[in-house]
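Chain IDs A, B, C, D, E and F follow the sequence of writing; residue 1 opens each chain.
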Amino acid sequence: MDDSAPRLQPETDGRRWPEGGLARVPYWIYTDPGIYRAEQERIFCGRSWAYVALEAEVPKPGDFIRTYVGEKPVVVVRDLEGGINVLLNRCAHRGVEFCQNAPGNAREFMCPYHQWTYDLRGNLLAVPFRRGVRRQGGMPEDFQLEEHGLTRFKVARRHGAIFASLAEEMPSFEDYLGPTMLKYFDRVFDGRSLTVLGYMRQRIEANWKLMFENIKDPYHASLLHVFLVSFGLFRADQPSAVEMDESGMHSALVSMRGEQQATEGTAEMKSFRADFKLADPRLLDPVREFPGNATVVMQTIWPNLIVQQQSNTLAMRQLVTRGPTKFDLMWTFFGYENDPPEMRQRRIRQANLMGPSGFVSVDDGEIMEFSQHGIEAFPRDQGVVEMGGRDVRNENHMVTEAAIRGFYRHYRAVMGL
Amino acid sequence: MPIDPALRDDIDALYADYAEALDENQLERWPDLFVEECLYKVVPRENWERNLPIALMLCESRRMLQDRVTAVRKTAVYAPRSFRHLIGQFRIQAETPERLRVTANYVVLQTLVDDLTRIQNAGKYVDLIVRTPEGLRFKEKICVFDSVLVPNSLIYPI
Amino acid sequence: MPIDPALRDDIDALYADYAEALDENQLERWPDLFVEECLYKVVPRENWERNLPIALMLCESRRMLQDRVTAVRKTAVYAPRSFRHLIGQFRIQAETPERLRVTANYVVLQTLVDDLTRIQNAGKYVDLIVRTPEGLRFKEKICVFDSVLVPNSLIYPI
Amino acid sequence: MPIDPALRDDIDALYADYAEALDENQLERWPDLFVEECLYKVVPRENWERNLPIALMLCESRRMLQDRVTAVRKTAVYAPRSFRHLIGQFRIQAETPERLRVTANYVVLQTLVDDLTRIQNAGKYVDLIVRTPEGLRFKEKICVFDSVLVPNSLIYPI
Amino acid sequence: MDDSAPRLQPETDGRRWPEGGLARVPYWIYTDPGIYRAEQERIFCGRSWAYVALEAEVPKPGDFIRTYVGEKPVVVVRDLEGGINVLLNRCAHRGVEFCQNAPGNAREFMCPYHQWTYDLRGNLLAVPFRRGVRRQGGMPEDFQLEEHGLTRFKVARRHGAIFASLAEEMPSFEDYLGPTMLKYFDRVFDGRSLTVLGYMRQRIEANWKLMFENIKDPYHASLLHVFLVSFGLFRADQPSAVEMDESGMHSALVSMRGEQQATEGTAEMKSFRADFKLADPRLLDPVREFPGNATVVMQTIWPNLIVQQQSNTLAMRQLVTRGPTKFDLMWTFFGYENDPPEMRQRRIRQANLMGPSGFVSVDDGEIMEFSQHGIEAFPRDQGVVEMGGRDVRNENHMVTEAAIRGFYRHYRAVMGL
Amino acid sequence: MDDSAPRLQPETDGRRWPEGGLARVPYWIYTDPGIYRAEQERIFCGRSWAYVALEAEVPKPGDFIRTYVGEKPVVVVRDLEGGINVLLNRCAHRGVEFCQNAPGNAREFMCPYHQWTYDLRGNLLAVPFRRGVRRQGGMPEDFQLEEHGLTRFKVARRHGAIFASLAEEMPSFEDYLGPTMLKYFDRVFDGRSLTVLGYMRQRIEANWKLMFENIKDPYHASLLHVFLVSFGLFRADQPSAVEMDESGMHSALVSMRGEQQATEGTAEMKSFRADFKLADPRLLDPVREFPGNATVVMQTIWPNLIVQQQSNTLAMRQLVTRGPTKFDLMWTFFGYENDPPEMRQRRIRQANLMGPSGFVSVDDGEIMEFSQHGIEAFPRDQGVVEMGGRDVRNENHMVTEAAIRGFYRHYRAVMGL
């Protein structure tokens, strides 16, 4: 990008993060348009590896899909050499979002407006009438195709997942995650080939950060999610852990499944219903499939991904921002190519827990909008994030908001707040 | 294929009854409109057309329908709302004396507290209707909704 | 309860006629679809379910319906608009040879000048239909609309 | 005028078939629902009521309907979308043994990729339906849509 | 609220109220987002008693309803001692609008997200896992429940109506109204117990101040409202008055019903239709029920209430702001518990005049949107408010905009404009 | 307008037009609200003749229609002397958009709110109760009707088309167009009386300037519009021209119809389909009706008009802005009063090419939204406008973006960018 326009500044004009440091979150970060614009530049176009797709979505040369990094439209395409390219879905001529029909398979991309044509790596191949017609018109002599390609992202791939970055310099994806987070990532992405089972997508009228707060908050799961709790899928008194990378930008919530019985923990859970039974128990017959005792691992990867492993349901949850008070949550459910039919069916059935109609996820989608409502009218107020202390530390329990504090510690560093 | 008018009226009544159960907060009787061994799905058109199996709701028996009702009534946390179904002319695609393959367009409007009525979901029903002693019942009901994006949560069945 | 197909068709025609009167700017003949001693109400679901009597429109006779028409035509100041009714499958809830209790979902779309078509009101009709020498007529028509919030003005009847 | 129930059902089926052709991406068979010498128009209510002849779509023969299909399939550039028709109760305004003048309200919902389902167009059909050896067919279909403003493009027929 | 964010300033940057003082109103006050934000803080959260509910809506201990002060969501609840509490509908933890289902009856409020529990006065009673689970996690030692209650409004009650304020210091409601306005208030709220007859609500795409201008403007009533005029329910040539408190923030329009006949006044009313008759006269058979000759009293109470007494139809009209160009008008129709059946039916029937479909009110709802359309494109222009002079003065007639001038005199003082 | 508010400044704060001058267009001009507000003032209310109507739409004394100049609502009315008046549709009292029902015929305009009445030239005729009622109230003694008329535009008429301006001083419409543009204007508007055939209107979610770029860009027509190309209605290798006035604010694209056959030019048109045939050829049997060889002339007239002559279909395309990212395109199709029936039918039939469902226009409506999508997320980037060089010059061919460069050269001068 050129510099005809000054770098956008967040409209923090005179704003200070409230006293109380990591234990407080000011409500203006959820609504301020200037903050949002700065996030687009510093976070989503900054030093981050944004999730864009699974390789299984573009298996063959020429396969492509449309998606977004932050609010920016991009195309993910496998080139003829099998390489993965992530390109801005914006023609270099006069800005047209050239790719409208997806998924698909192409040998090249042609913008419909003036048919500028690009190869699958974004290089400009041809400009119609570049030399004019009958020696009239055409592009200037010094017009160089090389200077007018599509904006191309750096790409990182690991075990079937694809990430992209616009930053000049980026560490490898592995260094970006760090050893602890990489261990959890590789737990699900262990090199087996993946198969896409389907999509869900919801538009949530809330700031995108509330989604990360929600997933980084194990405290809520054992209280809000009556369904989870009642069936012991997730409980505060289960063996569990909250882990982060050093920066705190990524995190993993880990839990082991317990029994459906009252315990010390449940005493404090008003929502626990020991009596609750399923009429058709097939919905809940998870089988252990990963090494270790963890039955649930929810991993968040800065800046736009949640990797969901709840029992046997696996999904990438990608955040697409739609302005300061709106985002789309895009769910890509997947399994392993060699899943036996019963396991495949189990994943499909357990998807009932997730997405816009999920026995569990519904609660989160609704709560985020309740939060946005409660927050919007109060830019000068702030949230309290003190559960489990006021610092950032990995824990062997669920009764903490440490990962939220870790998230905002990193957020403030990146945003200069 | 000519259809017995009385049959059309029965199907008409079944759809009207179905809509009423969901729109008038009579969720408990919704499973009764299905036979015991049934299939209910709410599927994005994108998955449907690409043969991707994932559904927003998947019930493989009437008991699973009942579990849906229990979750909506007892465990789920959501803002209060009401649904309103409009169902278009139906088509009887194939018929045996006992089984009817019926399709119909639908739109479901949602009204949240402190907000105006908005479109929640639109698409087509792909149904398998069977005769039972109690009258017509759904053996299969697949709700294929247009596109894939949903306004936040889809709480009630479609 | 089995309904004579001809009766269903007559009810169908009554609703189509009703919608046309309101959508095609034939408001003057709207009262003619009611009997002289009739009840017409437009009620928010919130009032209806809590037995609160207030209605947006309350007409206790056909003459009051005519007064509504006169007000819309002669005294009210409002931006020009058009309505469009879509009425769903109806249910005959109870029937005597002379009186039918009929319910049906509806949505009314509104189009203002210089604007796109938007949802104005959606809900259900709770009607009492009677046979008269002129054909079926409304003895009662209660429009229970979802929630309570209305986009500014509701000018025409629902 | 009393209508033979079987006739109503046939008209019902014709509309359901028509909606399916447009909503389920079966555009190629849409012209087959018309007779060879036919008239198809999509006209804003403002033009219609002021007798202004301009229409958004004007097809003066089934071949012109086919040209519309070819343009949509082969030449036009547009974002992918799907339509969903809801058609209300129809009225048979006049009838000879061979020709039926039928009107019905409609709303067409549109869903664009990455967006929610929205109202694209609403209005009424003013149709002339004739009997043919293949069954009922449209001799005339005039879609009069409310107001005049359209959300950007109207790609498919109404 | 803390001061991590500077007090919002109205975006009056360099803006001056136009020449002409009280007789001119600049159009930028109806659209400017900065003005709107400042109004929320200085007017609705400032030194004002905002109407929130009738006691009849929360008759029993534990009864509660949801409503709004300005744009802020609040809960009005009767506690177990019978006291009325007005609480921000926003959890002290992380901002969730915790109360979603209303009306209802509760012993306490529990936020669904982490089940923090509050008593009916907003005191934080319990925080699940406050001490952790198995001695792990939990809130810091120094975490004080007392410091994390719900924000609680000051409450004023008079004869069945409930008002709330966030200001540190407030005069009594009686002093706030002043003797003249209190007299009119007590005319309807005379101590008899009230009964709620039902609700209407409309969303109006206009700035909220246009609603007050409309009601403080008797001049329009005898011209715009053909229905009122034709039936002599309100006419410029009827004995009438416009009264205000000293500040001008409140006002009352008073009128006595006349006959349906042409008079001096009607000569100038193009809309008068002597011929106009009702087919069913039951709609208009008001009976005198209040002392004095007034048949109509429309009282506006700063900052969000209109008390409507038109013939026998009584309603509170509460304004809920929804941004600079939108507000919801919430109508609560009521009568007296001891109304005889005919009077009750009369009130219900006369409601035909009011609300989104009201023979009279329709005109106002539409006109406000016409005004907003006319105004929005012209931020640099201004309205002319000269009827009845250019000053603020009580009058014994209807031919004046004095109450609008009074309103803006007070508005400018509060807003610093 | 008074000066109580400072003149709005475009939010160009620190923004510079990018390097590359006329060959670059920064993307922030398509989204910035401050730029939009400045455009309203400097362009639509500035030194420009905005198209408002055809005389044929208001043939008789008293006939009026509603329309817009930029976003400002106006009424176009023929007065009793046959003169044309363009008035702001905004009451001088308190801003009501008084004219709601149109088209119509009136002797005067009465605002519904307080029945201020204006003659057809916008003069305030009467203010009800101006002298009060029974000697009470009324307007101040010094209130002058003369000072409170409707805002009235300057009006220019030529051969049946009506233009309006709010500028203090304006050149004649003829001088404004300049000799070259006037020649093209008079080609269609040759003095014959016109007849309106009907209307189309579409709401396009894009910045209004993209519409002008589209029409001033002959380069796209032969590539995007497969329909046009395939039938030889418009092709890059046809004899053609791009002409502008001296300032570059107006332009005309001229083309002669070719045959449907492959030629040098079509080789570069991927979209060309030699095989393409119409099942019913009546759609395309244009007849020559204008002097000269041109079969298509698309003329753009600053700031809001496109005059369309494509084969035998004639239309005024008027732009109505609806904010920075939205505009309405209003199509008025017309013919000549003395058109023979076949020609009239031909115009009606060829309208199939135009408007929201036009075989040709659909492409443009969609492309503009693709552009807006591609542009919005990238305020700091810019478009490349180099086809046919980097300067502004009339051309005898289609392979140029010169008219876009001309447009922005003038735009920048007017906007001070």
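Here, a contact is a pair of C-beta atoms (placed from the backbone, for glycine too) under 8 Å apart; a residue touches a chain by one contact, two chains touch by 3 or more.
Remember, predicted model here, so these are calculated numbers, not experimental data.
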Shared interface partners, meaning chains that touch chain D and chain E: A, B, C, F
Chain B to chain F, fewest steps along touching chains: 2
Identified repeat of the C-E interface (over half of residue pairs identical), from B-E, A-D or A-B: A-B
Intercentroid distance (Cα basis), chain F paired with chain D, Å: 32
For chain E paired with chain F, centre-to-centre distance based on mean C-alpha positions, whole Å: 44
Approximate Å spacing (C-alpha centroids) for the pair chain B, chain D: 26
Where chain B touches two or more other chains at once, by residue number: 5, 77, 79, 86, 113-114, 116, 119, 149, 151
Residues within chain A bordering two or more other chains: 100, 112, 203, 224, 271, 328, 363, 367, 370
Pairs of chains in contact (touch as defined earlier), listed by label: A-B, A-D, A-E, A-F, B-C, B-D, B-E, C-D, C-E, C-F, D-F, E-F
Touching residues on chain B, where the partner in the complex is chain E: 77, 79-80, 113-114, 116
Residues of chain A touching chain E in the complex: 14-19, 25-28, 213, 219-220, 223-224, 236-237, 264-265, 268-271, 363, 367, 370-371, 373-390, 395-400
Chain F contact footprint on chain D (complex, rising order): 42, 44, 46-47, 52-58, 60-61, 63-64, 66-67, 70-71, 74-79, 148-155
Interface residues, chain F side, partner chain D - complex: 196-205, 224-227, 230, 271, 273, 276, 278-280, 282-283, 328, 333, 344, 348-349, 351-352, 355-357, 359, 362-363, 365-367, 369-370
Chain F residues touching chain C - in the complex, by the definition given at the top: 66, 100-101, 112, 203, 328
